[in-house]
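The same subunit A turns up in both complexes below, where it pairs with subunit B and then with subunit C.
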Partner chain A sequence: MTRNTLFRLGDWGIYALFIVIVLGLPLMMDDVFWLNRIAKYLVYGMLGIAIALSWGYAGILNLGQGLFFGLGAYMVAMSLKLQSYTSMQQGSDRPVPDFMLWNAEPGAPTELCCIVKGSWLWLPFQAQWFGMVMAIAVPVIVALILSSAIFRLRVSGVYVAIITLALVLLVRLLIIDAQPVTNGFNGLTDLGWLTVAGIEFDPYMVSTYYIVAVSTCAVLLLTRWLVSTRAGLILQSTRDDPNRARYLGYDVAAYQVFFFTVSAGIAGFAGMLYVIAAEFASPSFLDITFSISMVVWAAVGGRSSLIGAAIGAILINTIEATASETEMFQEAWKLIIGVIFVLVVLYMPRGLAGLAQDLAGRIADARVGGKQRARTGAPAE
Partner chain B sequence: MTETLFIGLSLSSILLLIALGLSITYGAMGVINMAHGELVMIGAYTAVLSGIYLNLNFFLALPLAFAVSALVGMALERLVIRRLYGRIIDTLLATWGVAIVLQQLIRLEFGLSFFGIHVEGLGPGLQSMDVPSFLTQPFEIGGVPIQPYRSFIIVVTLLLTLLTWFLMYRTSMGTQVRAIMRNPQIAAACGIDVRRVSAFTFAYGSGLAGVAGVLLAGFKTVMPDMGASTVVDGFLVVVVGGVGSLLGTVLASGLLGQINGVFAILFNDILARAVVFGVVIAIILWRPRGLFSFRSR
Partner chain C sequence: MVAALTIDALEVDFGGFKAVDGLTTVIDEGELRVVLGPNGAGKTTLMDLISGKTGSTGGEVRLFGRDITNRPEHQIARAGVGRKFQIPSVFRDLTVHDNLRVAVSQVPGVFRNLRLGMAAADRARIEEVIALTGLEPVLDTVAGDLSHGQMQWLELGMLITQQARVILLDEPTAGMTQAETLKTADIILSLKGSHTLLVVEHDMAFVRKIAERVTVMHMGKLLAEGPMAKIEADPAVREAYLGTGGLH
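Take a look at the complex of A and B:
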């Protein structure tokens, strides 16, 4: 066996192990409270994948990924809000969100069409499928428009990060300002459950965990396939040297737009799943801290490894949840994560995935012997 | 009208105060220092602590905060940033970690709170600083009410800007800094000690953040995460103005501050900030290098 074959086997082995653990977890753990928590962290893992795809493979640092996550979350939350019992409290058989009743002018008709200004926007969300479709469609459309503008104008590097950062802050403020329609700072709470074919998905049910777990694995495999296609390889060449790729005749912007949009679509999908598991949507999804945290997870896990970024996100959040059982340790944990993060950037820029690769390289060397070492380099992943 | 302009001017001066230090560290050194807000916070805490323990008044806190923040900045440059020159995105990420660490150090009272020791003036709570009474009594000039503290901030910002201009354009150190800005390799080849100059530049930019912190402490509550929200605004100003252009930073803070002020009166504070972000996005898309940047090769 050559060194490369060993590497490929190891790579697929890690993917297989990850999927087996994620899908098999409910068999080992019957604490539904923790299962629900882990479902949320798997969603974060999906965000890690989205970041690794745009940052690691396309070289585009998106500091506003929370925008797409938040849009996806809000879209599906609007549908689930209308299915909630709290939207039925005004007496009629047609739902109106409770916060709109509180905000309505006295004497306003208690109908979704016109109870407050702009509430008609909610009308199509009475159908759950509409909210779910929009949870992917809206982030994708926004990302398509935004990235077309950015990459056609050849804005690059740190300026992309600043534009995405400013945009997520902008939308966050708009959501907060549109208080009568979005419930402002408080966000959408007391949501109903996802209902598919008459089955209600209680967030604390194993089947809801499986929705998230299967989605995460699917996204992981899909992105892994995507980066190994011809388009994925061209994308990586645009990251390494955009001018050369352009010179060779590739439409660099088109590849960047496509992968930026895919990354945004994954984030929107993640937002949707998060709402199903966590039962709320709030403007805090669009805070800068959240968007930067995603980048932190990806960097600790390995910015240029899809599965590394996912594991980084899941690991950090699981440890954090364990640490925050006691209040004192919660604050100390933040300090530790800050230090870890500085150290990772300084000494381990490839993250956990890089560490694993180096380790695998050593094992492979020991097995194959020194002869091949000079001949072949380590593959990218 | 004059009042609107004055509000805009005072918003601009605070923006400028924060952006001035960033314009130096980012412009001269290509470092996106996400911990700049925490250096502001450290300045504010220096004022609070020196008031409690040293009985220093507000005016003496200004140079002290400059010194403390400059020292912290120098340590930051030596320990972290020095290893990351040329890796701009990594400076952003590493200093984000540093920002968390600095916040938590204040919140946990440098770890003393684990041992049940409480240091007055530190910890997760809110702190406040006393401002001399003659700076808080509004007065009138020709029928126009003047907020003395806001005017004081404007004056201090103006003086610091002039000082920075003088240091950058009229001293040999400044010439060296500007040479490094254009091209660090050539500057080093011409015999400039890039490491030393960079360390001083970073310390100076950090010191300016400390002064900004004292001034902010005069009208905002002091708390561990007070700086975190300021750093983004500061960056947007620097980028809009053009990296490495002092004039650009001054004008951009004026522009964004006035836009904020005008729209805050037309609509409300939230929408005004949203408009500012919109303008920033448009300007970066239109001119990614900012409004006033020098031509680079």
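Take a look at the complex of A and C:
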């Protein structure tokens, strides 16, 4: 067996192991509280994958990924809000979100069309499928327009990071400012459950966990396939040397736009799943700290490894959940994460995945080397 | 003879300074043309104009009769122009093999490249290029770890896999050892006939080894054109190089 085959086997082994653990977890754990928690961390894992795709493979550092996550979350939350019990209790035959009533002018009709300015935007969200489709469509369309402008103008590096960072802040302000239709700072809470074919998905049910778990595994495999295609290879070449790729005849911007948009679509999908599991959407999804946290997860896990970034996100959040319940770590946790990030960037630029690869490389060398020595009869060292 | 590359009254004006000023020359298919000229003569700018890096302000570039003036770089590349840069430009984080795989693609679009594997013809071409450039022992090496010479050969190999019909080489032997220079000359000579080459070079020993027809540029204009021996005897050329002691 050659070194490369060993490597590939090990790689697929880790993917298989990850999928088995994620899908098998409910068999080992019957604590629905923790299952729900882990479902949220799997969503974060998906965000790690999205970051690894754009940062690791395309070389595009997006510091505003929370924008796409937030858009996806709000879209589906609007639908679920209209499905909640309280929305039916506002004195109309059709659902009206409770907060709109609090924000309405005296005498305004209690109808979704015109209770507050702009509330008609909510009308199509009475259909749950509409919210779910928009949760992916809106981030994808926004990303498509944004990235076309950025990459056609050949903006790159830190400037992309600044633009995305500014944009997520801008949209966050807009959402808070449009309080009558978005409930501002408070976000959308008291949501109904996802209902598919008459089945209600209680977030604390094993089946809801499976929706998230299967989605995470599917996204992981899909992105893995994407980066293994020729297009994925060409994308990596545009990261290394965009000019060279151009002179080989590739429209570099087209590749950047495509993968940036896929990454945004994944983030939107993750936002949708998060709302299904966590039952709220809030402007905090568009906080800078959240977008930067995603980058930290991917960096610690290994930004050039999709599964590494996913594991990094899940691991950090699990540790965080445990550590922040210990009083001693409560305050210090952000500091600890900061120190870990700095150490990883300085000493382990390829993250946990890089560490694992180096280790696997050594084992493979030892095995292949050992066999060769045995064949040639050379003494082992 | 078919004209591979026609440069017709090409001009670029950088705010009053004309780096290339009304240059006209025709390069035949299969020809190996060397461009000489003192520093600032406009040699690299000429390559920038042909390959689309810089937009021209006048004149035309035609590739096999087709107008490619001021098209975007990737379209000019797809039309059949390959360019090697002075500083080796390869995909440093990819292996040598992957570098060649990127270069071989027949179709440029994103969606048509959403597939695994490679056509047999593409694989065969990569094998040919590996044999020509002697990169076999370093196929799995990351390109950033190659020696300077190997990196240059890889870049040259990528242009051949790309199936560029016209290859522009900007100082292909810069920074090379003598042995590396000789090997590069061999690779370039083996391309002559099947490819059309335009080479900018300063190393006169190298130029004498590969050159047939030579174009001399001075201050953005064509100064002289013809066989190497004639160029070396040309008084106007000697004049242009005065102060650097003539061609040596």
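One rule holds in what follows: the second predicted complex is superposed on the first by the 367 of 381 C-alpha atoms of A that agree within 3 Å, B and C clash if a C-alpha of one lies under 4 Å from a C-alpha of the other, contacts with A are read in each partner's own complex, and residues count from 1 in each chain.
Rule of thumb we're sticking to: a contact is a pair of C-beta atoms (placed from the backbone, for glycine too) under 8 Å apart; a residue touches a chain by one contact, two chains touch by 3 or more.
The structure displayed is predicted, hence computed values, not measured ones.
Enquirer: Looking at A:228, would you say it contacts subunit B, subunit C, both, or neither? Reply first, second, both or neither.
Expert: So A:228 only meets subunit C here.
Enquirer: Have a look at where A:155 lands relative to subunit B and subunit C in the superposition and call it first, second, both or neither.
Expert: So A:155 only meets subunit B here.
Enquirer: With both complexes superposed on chain A, which partner does A:163 reach: first (subunit B), second (subunit C), both or neither?
Expert: first
Enquirer: Which holds for A:21: it touches subunit B only (first), subunit C only (second), both, or neither?
Expert: Touch partners of A:21: none, neither subunit B nor subunit C.
Enquirer: Tell me which touches more residues of subunit A here: subunit C or subunit B.
Expert: B
Enquirer: So, does A:258 touch the first partner subunit B, the second partner subunit C, both, or neither?
Expert: A:258 contacts subunit C only, not subunit B.
Enquirer: In the overlaid three-chain picture, which partner chain does A:237 touch, first (subunit B) or second (subunit C), both, or neither?
Expert: After superposing on A, A:237 lies in contact with subunit C but is clear of subunit B.
Enquirer: Under the stated touch criterion, which partner chain does A:250 make contact with: subunit B (first), subunit C (second), both, or neither?
Expert: It touches subunit C, and subunit B stays clear.
Enquirer: In the overlay, answer first, second, both or neither for which of subunit B and subunit C A:332 touches.
Expert: Only subunit B; A:332 stays clear of subunit C.
Enquirer: So which bits of subunit A does subunit B touch that subunit C touches too?
Expert: On subunit A, no residue contacts both subunit B in one structure and subunit C in the other.
Enquirer: Which of the residues in subunit A come into contact with subunit B in the complex?
Expert: 61, 149-150, 153, 155-159, 161-163, 165-167, 169-170, 173-174, 176-177, 288-289, 292, 295-296, 299, 328, 331-332, 334-335, 337-342, 345-346, 349
Enquirer: Hey, which residues of subunit B end up touching subunit A in the complex?
Expert: It is residues 32, 80, 83-84, 88-90, 92-94, 96-101, 103-105, 107-108, 113-114, 124, 228, 232, 235-236, 239, 268, 270-271, 273-274, 277-278, 280-281, 284-285, 288 of subunit B that touch subunit A.
Enquirer: Going by the contact rule at the top, pick out the subunit A residues touching subunit C in the complex.
Expert: It comes out as residues 4, 225-226, 228-231, 233-234, 236-237, 239-241, 243-252, 254-255, 258.
Enquirer: In their shared complex, at which residues does subunit C touch subunit A?
Expert: Of all residues in subunit C, those touching subunit A are 51, 72-75, 77-78, 82-83, 85, 89-94, 98-99, 101-103, 105, 108-111, 113-116, 118, 140, 155, 158, 162.
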